[in-house]
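When the chains are written out, they are named A, B, C, D, E, F and G in that same order, and each has its own residue count from 1.
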Amino acid sequence: MESSRPLDALNNARDKKVIIDLKNNRQIIGTLKAFDIHINTVLEDAEEHAEGELKRKLSTVFIRGDTIVLISIA
Amino acid sequence: MESSRPLDALNNARDKKVIIDLKNNRQIIGTLKAFDIHINTVLEDAEEHAEGELKRKLSTVFIRGDTIVLISIA
Amino acid sequence: MESSRPLDALNNARDKKVIIDLKNNRQIIGTLKAFDIHINTVLEDAEEHAEGELKRKLSTVFIRGDTIVLISIA
Amino acid sequence: MESSRPLDALNNARDKKVIIDLKNNRQIIGTLKAFDIHINTVLEDAEEHAEGELKRKLSTVFIRGDTIVLISIA
Amino acid sequence: MESSRPLDALNNARDKKVIIDLKNNRQIIGTLKAFDIHINTVLEDAEEHAEGELKRKLSTVFIRGDTIVLISIA
Amino acid sequence: MESSRPLDALNNARDKKVIIDLKNNRQIIGTLKAFDIHINTVLEDAEEHAEGELKRKLSTVFIRGDTIVLISIA
Amino acid sequence: MESSRPLDALNNARDKKVIIDLKNNRQIIGTLKAFDIHINTVLEDAEEHAEGELKRKLSTVFIRGDTIVLISIA
């Protein structure tokens, strides 16, 4: 992958499965559908995990960017 | 759903039921009536839940965007 | 109520009783007199509550917006 | 009092005694001399209180706005 | 003192001894040499105190504004 | 190394291994591929470590800048 | 030293040894090579200390400005 700007990496991950780690130690796993410069993101077919365990099915979820630690791109 | 920007997903959720997770571990469940670019939101027919339990009926509630972790769209 | 922007909901609540939840788990209950885009607000005839108990009568109180979780409109 | 903007309420409180609650649970009580749009404030003849007890006499004190929860106007 | 803006009070304190309370409960005491609109400040002949006890001599110290609670002007 | 601006140091580290310390006490170790002025960064061949122990292989990871404490350049 | 703006004091410290206190109670000690208006800084020949003890040698390190409490200039 050749990307000079961080958002290019997110752009390459559109419609792919990503793992988002939140500051509250939760993980949201789902398909990346949208993001903006604040790193607000929208996932579909999302699941919330905590301590390695499925907590909730979330369908479509909007995540506020400032609660995100990292986005792992498979 | 086809949405390239995160706020499009919220726009699609207007007048629908959403679940908002707050940084203080509370959940506000209600009908999404309004939001802005700071993710300040207004819900109607809202309920506050904590640890899966109904805490309060809130009627119309204004939520400051910076306290929001995520918005789950049914 | 028909309001497309969150601040419209606050505008409709002017001169009415509101409950403001703060990040420090206190509640300020009073009559909404003023607010701005930072959600700095001014209440009159205000009371501070904590854990469901009246703590202080506050007369006129200026609340800094970034300490606010939500504003419940009766 | 008729004030449509929150800072008007602070303006009306100039040269009057105010109680400022800080995020660190301290209170600064004194005469409001100056403030700006960040709610940076200057009090004179100030006292710091904690848990209802006088901790320090502060003479002139500059308080950084982002540490303020609320300003109670007598 | 006649000052309508908070930074005027800091300006009057240049070259004078001030006490700066930090969010981490430390105090920096020294001679105010410089400050800016973010309340970044520089003190000389500075000392760090914690719980009323001298912890360190700091000579010249740059303090980042967002860690400051208040500046007490003697 | 001659660099007058902090981002020059990051620029010199492109395609090299870096260690990123996060505010949640995790470390992300990997090859620096991209960064921006918010210090949002993208690492490849990344590993997450906690308390000196490998926790996860992360492949490509986007790290939100405001969760970063420091970036150690080998 | 005559400096009317805080960043002048940092400018005078270029290529000199500084001690940077971080919000996570760590100290980074090294030679100041670069800084910007966010107080993002780059140190060389850096060491991380915690509770007065050397934890790591860091060579070149980029420190995000918002994690800095103060910079002590020898």
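Going forward, a contact is a pair of C-beta atoms (placed from the backbone, for glycine too) under 8 Å apart; a residue touches a chain by one contact, two chains touch by 3 or more.
Since this is a predicted model, take the numbers as computed values, not measurements.
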- Hop across touching chains from subunit D and tell me the fewest hops that reach subunit F. 3
- Rounded to the nearest 5 degrees, what is the angle of the rotation relating the C-alpha atoms of subunit A to those of subunit F? 50
- Task: Indicate the whole-number Å distance between the mean C-alpha point of subunit E and the mean C-alpha point of subunit G.
- Result: 18
- When the centre of a chain is set as the mean of its C-alpha atoms, what distance in Å lies between subunit C and subunit F? 41
- Query: Listing for subunit G: what residues touch at least two other chains?
  - Reply: 66
- Message: Could you spell out the chains in ring order, with the walk beginning at subunit B and its first step landing on subunit C?
- Response: B, C, D, E, G, F, A
- Query: Along subunit C, where are the residues that touch subunit D in the complex?
  - Reply: 22, 24, 28, 33-36, 40-42, 44, 56, 58-64, 66-67
- Task: In the complex, go through subunit F and note every residue touching subunit G.
- Result: 1, 3-10, 23, 25, 39, 65-66, 68-74
